[in-house]
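Before I ask anything, let me first share the structure, which is written out below as C-alpha cells.
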Amino acid sequence: MPPSVASPLVDHHCHGVARADLGPEDFASFLTESDAPAAPGTTFFDTQLGFAVRRWCPPLLDLPAHCPPARYLARRRELGAREVNGRLLRAAGITDYLVDTGLPGDLTTPQELAAAGAATAHEIVRLEALAERVADGVDPPDAAEGFLHGLATAVQDAARTAVGFKSVVAYRYGLDFDPAPPDPAEVRAAAARWLDRRTPGGRLADPVLLRHLLWSAARTALPLQLHTGFGDPDLRLDRCDPLLLTDFVRAVRPTGCSLVLLHGYPYHRGAGYLAHAFPHVYTDVGLSLTHTGARAEAVLGEMLELAPFGKIMFSSDAYGLPELYVVGAQLFRRALARLLTGWVDDGSWSPDDARRIAGLIGAGNARRVYRLGAGGADG
Amino acid sequence: MPPSVASPLVDHHCHGVARADLGPEDFASFLTESDAPAAPGTTFFDTQLGFAVRRWCPPLLDLPAHCPPARYLARRRELGAREVNGRLLRAAGITDYLVDTGLPGDLTTPQELAAAGAATAHEIVRLEALAERVADGVDPPDAAEGFLHGLATAVQDAARTAVGFKSVVAYRYGLDFDPAPPDPAEVRAAAARWLDRRTPGGRLADPVLLRHLLWSAARTALPLQLHTGFGDPDLRLDRCDPLLLTDFVRAVRPTGCSLVLLHGYPYHRGAGYLAHAFPHVYTDVGLSLTHTGARAEAVLGEMLELAPFGKIMFSSDAYGLPELYVVGAQLFRRALARLLTGWVDDGSWSPDDARRIAGLIGAGNARRVYRLGAGGADG
Amino acid sequence: MPPSVASPLVDHHCHGVARADLGPEDFASFLTESDAPAAPGTTFFDTQLGFAVRRWCPPLLDLPAHCPPARYLARRRELGAREVNGRLLRAAGITDYLVDTGLPGDLTTPQELAAAGAATAHEIVRLEALAERVADGVDPPDAAEGFLHGLATAVQDAARTAVGFKSVVAYRYGLDFDPAPPDPAEVRAAAARWLDRRTPGGRLADPVLLRHLLWSAARTALPLQLHTGFGDPDLRLDRCDPLLLTDFVRAVRPTGCSLVLLHGYPYHRGAGYLAHAFPHVYTDVGLSLTHTGARAEAVLGEMLELAPFGKIMFSSDAYGLPELYVVGAQLFRRALARLLTGWVDDGSWSPDDARRIAGLIGAGNARRVYRLGAGGADG
C-alpha cells in the first residue's frame, strides 16, 4: 500500500490536446465548463481545478508547485506546446487513451496523442458529430434517404475500427428522452425536416434523430458512453440525472450493448445504483474528480458505494490541455489510494482485495469492457 | 466511548432468513438488489456488501476475516443452515426484531427467527401482501365488496397483533401518487377492475388500491413504514425520492399515524428534512448502510444532519442471509461510534449526550414509536 | 494556519434578533424550521443545531459548554435579552450585517443590531414583504394601477438605500416558475385579481406577481438573493432545487443583476454548478451549516467543489436568537479552517492561497458583490 499509486491507467474517455501554444485566456477557458469570461474580480484559476493544476504541473516544467499562474504560463510558452504536451502526457502514467474524436479545435489526433504520451490510442466515435459529418456530405435530391443510408454505413464502418461510441444527447436534448426506438417512418420524417432547415455544420438536436443514433450504436453491441451530469451551460443539469435513463437502460438491454455512464456529478450515486441494478451498466469517475480537486477523495468515495467494483472505470475527460491528463490521473490515484489505505488500515478490506480492485478500476475493467487486449501487468 | 459498541439494538425493519442451505448462486443473489446474474467478468462479492460480509462473518464460523468466498461457503455448508443462522443471529447483538412477513421464499417465521437469535420478535404487516392474500380468498360473486370488507377486517386484525404496517408503493407505483385518500366509489371500481383481471397470486399495482391501503393503515394510527430510495430494479429510483411524499405527509398528519421512511438512499438527506419539518415523520438507516459497507460512516453522517436525533432508527433490512444481520449491526455500530467519538473528541458533543443519542437511535426511538415496552437498560 | 479563525466576517444574509426575553418554548421554536411542537418524547435541543448552541454559547454567558438547556435558559433570563444579545453578537466576530428586514416579530432593526454587535448594518429588502406593504397602503379605486405604480416606486426607493433584494418565491410558489418576465397586461390582471381577494396583511403567492417582483428587482441591477433548498414546511423541498432556476438564470443575465443562491441544502452541489457555469451566479453557506452543526465541515466541503472560490459567501441566516450568529460564525470558521488546513497539510493548496480564499469567502466576495466598501484588512 498505497495500492494504486504506481499502476498504469487506461483512460477510457479523453480528447485531443491543443497543438498550438495557448494564450492566458485560451488556457483559462479550458479550466472551466463555463462559456463566458470569469465574473468581475474572479479568475478561473481560483477553483479546485486551478489549484490542482498549480499543484501537480509546475514541477513537471521545472517550477515549484503552486507558483503563480503567470509564471507557469510564461514557462509553458518558453518550452513550447510540443515539449509541454510530451512532458505532461508521459508524466500522467497512462498506457491507453480512448479518444473521443468528435470535438472541434486544432487538437492532436489519437495517433499524435499516443506518440506524445508514449501510449496506445483507441477511438471512441461521437455519434452526433458522425451524423453531422454525414449530413455535410449528402447530396440534396432524396437527401433524407441518402443521409440515413450514409449514417448506417458510417456507424457500421466506425464499429469496425472504434472501440466504442459516445452520445451527448444530454447536451442536445436531455436524458428524459423517449426510451423506445423511433420507428423508421418517424426517423425518415425527422431526417427530412432536419436536413431541410440545416446549413452546413449545423448541429443535430432533433430528439428523434438523437434516439435513432443511440439505437443504431446500441445494435452494434459496442460499448456506448453517455454523458450524464455536470458539463457546460448548454445543458440543464437537472435533465442530465442518469436515473432519467432508467427506462432506456431497460429497453436497450436485449441488444447486448454495455452502457457507460460518464461523470454523473452530482448524481453519481444514482449512476452507481444503475450499475448495481443492471448488468450492462458501467460508471466512470471522469470530470467529477478533475473539477473537484482536493475533494476528489470525497467524491470518489461516493462512487464506491453502490456500484460493483467491476463496473467502475477511470477517465480524465482531458480536453485541450495536457495538464488535465496529469491532474485527472494524479487526483484519481491519490483519492483511490487514500480511500483504500483507510479501509485496509481499519480492517474493512484486505490488502489483496484493495490491490486487485485498484487494478480493476484503473485499467482492468476498461480492458475487459472495451476488449482492449491484455495490456501490462494490471490488465 | 465508543458509546454504542456494546448496546443492544432494536432492528425495526427486517425479514426472515433462509431455512435451507444455500448454493453459491443463491447466496450471491442475496448480496445484491439486482435481479440478474452478475455482468461477465464480475461477481457480487466484489462490492462493499460482499467485502463487509467477508470481514465480519468468517470469524463467527471459525475462519479468518476476508477468507475467499468459496472457503466461506464451504464452511457454511459444513455447519448447516441451522447452526449458521444461530451463530450469526446471536452474534449481531439484536434484542428485538420487527419482522416484515410479506416476502416470499422458504424463510424463518418471526418466532423461528426469535428462537434462533435469542431475541424477541414483533410483526410488521406488509400491506400489499395482505391485500393479495385477501384477494386470493374472496369468492367470485360480488367479489369487490367481499374483498374490501375482507381487507378492512384483515387490517383491523393485523392492527391488534402487529406493531406496524409497511407499504411498498414505491415499487408498485412510485412515491408520486395522489396524496388524497381515494373516495369509496373509486376504491370499489378499482377493486372490481383488479379482481376481474387477476389470477391467483397476482400482485397489486393499482394506484387507487395502493392508496386505499396506505389510508387504511394510517387510520389505525399504528406506525406506517414506507420504502423510499434504493431497492431492486423494479422501481424507478427517481420516483422513490421521499420528498415526493411531502403532500401525503401533510394529508395524513391528522390520522395520528407515524410515518417511518425506510432507507432513502441516495435521497436520505431529503428524508432527514421531512423528519425535521414534520413531527410525525421518522427515518431509518437500513439498506443504506448494509450496501455501502466501508462507506457506512459517510452515509450515516449525512443522516445525522437535519433529522432530529429522536427521529432516527436502526434497521438491518436483512433478508435471507443471517450474514446481513451481522453486517447491518456491525456497520451501524462502528459508523455511529466513529462519528460520535469524533464529535466528542473535538468538543462538538458532550460524552453524555453521545451515549444518550446512541441509545436512542439504536433502540430507544423504536421502543417509543412502536410501543415495544421498556426492553433492557437502553430502552 | 488555521487561516480563517480570526478573520472578521461579513454576514450577507441575516435577520433581527428578539428584543424581549424568550420563554423556553419560544427559544426552542427558533432552533427548528418546523412549525409544530416537537414530536412526543423528543426535543428540538436534540439536534445538531441544539448541540452546537450548547457547545458555543454557554461559555459566553459564564456557563460550561454543554450545560443542560434549562440551566442555559435560566441564565439567559437572569442576564436579560439586552445583555445576552450584546454579548453573543459581539462574540460572533462579524463586522457587517446584511439584514433581511422582511420577517415578522418583535425584532431588532438593522441599526439596533449594529449597535448591539458593534458592527455595520446594511439592508436587504424582501420583495414579497415590500409588495404586501404597498398593497396594504393602496386606495381601493383603481387599485391595481395604484399598487403597481406604488410598487415600482418602492423598488426604486429601496434600490437607493438597500444593498440588495431577496425573494422567497421558493416558499410562495416554488422555483419551477415560468422563467420569462410576465407582460404588463398579465401583471395588471394578476394584481387586480390578488387585490380584489386580499384582506389587509394577506400574503402574496400569485406566480405572475412573484415573477414581476423578481424582474423588477433584477432590472435595478442590485444583487438578488433567492431562497433555495431547505427551509420551513411551507415549501416543497423538491421544488426548491436551485437547478430549477436554470432558465431564469439564463433569461435574467442581460439585466446585469447578480443572483445569490441562498442555502441550497441538500441541492447545494447544484447551486455550485450554477455558480461555476454562469458568471452572474453566487452561492451561500447559510442555513446549511447552522442546522448541520458537527457536520458543517462535510457540508461546506461539498460547496467547495464546483463553485469558484470567488463566488461563495458566508452567512448565518440568524433569526430571532443571537445564538444563531455565534453558531453560524463558529461553525463556518471551524469548518473552513479544518478543510483548508487539511488541504495545505497534504500539499493540495498553498498556505497563501488558503489564507486568501478564506478572506474572500468570509468577507471579500460579499464586499465586492454588494459594493460595501473596503472594510478591514480582509475586505
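Here are some notes:
For reference, chains read A, B and C in written order, and residue numbers begin at 1 within each chain.
Assume a contact is a pair of C-beta atoms (placed from the backbone, for glycine too) under 8 Å apart; a residue touches a chain by one contact, two chains touch by 3 or more.
Predicted, not measured: the structure shown is a model, and the values here were computed from it.
Under the stated contact rule, the graph of chain-to-chain touches is complete, every pair of chains being in contact. One copy, subunit A, sits rotated relative to the other, subunit C; on C-alpha atoms the angle is 120 degrees to the nearest 5.
Each chain gets one centre point, the mean of its Cα atoms, and the points for subunit B and subunit C are 38 Å apart. Contacts with at least two other chains are made by no residue of subunit C. By the touch criterion stated above, subunit A contacts subunit B in their complex at residues 241, 243-244, 246-247, 250, 269-270, 273, 276-280, 301-302, 304-306, 308-311, 343, 346-350, 352-353, 357, 360, 368.
Interface residues of subunit B facing subunit A in the complex, by the touch rule stated above, are 32-34, 36-44, 46-48, 51-52, 54-55, 65-66, 230, 232-233, 236-238, 265-266, 291-295, 298-299.
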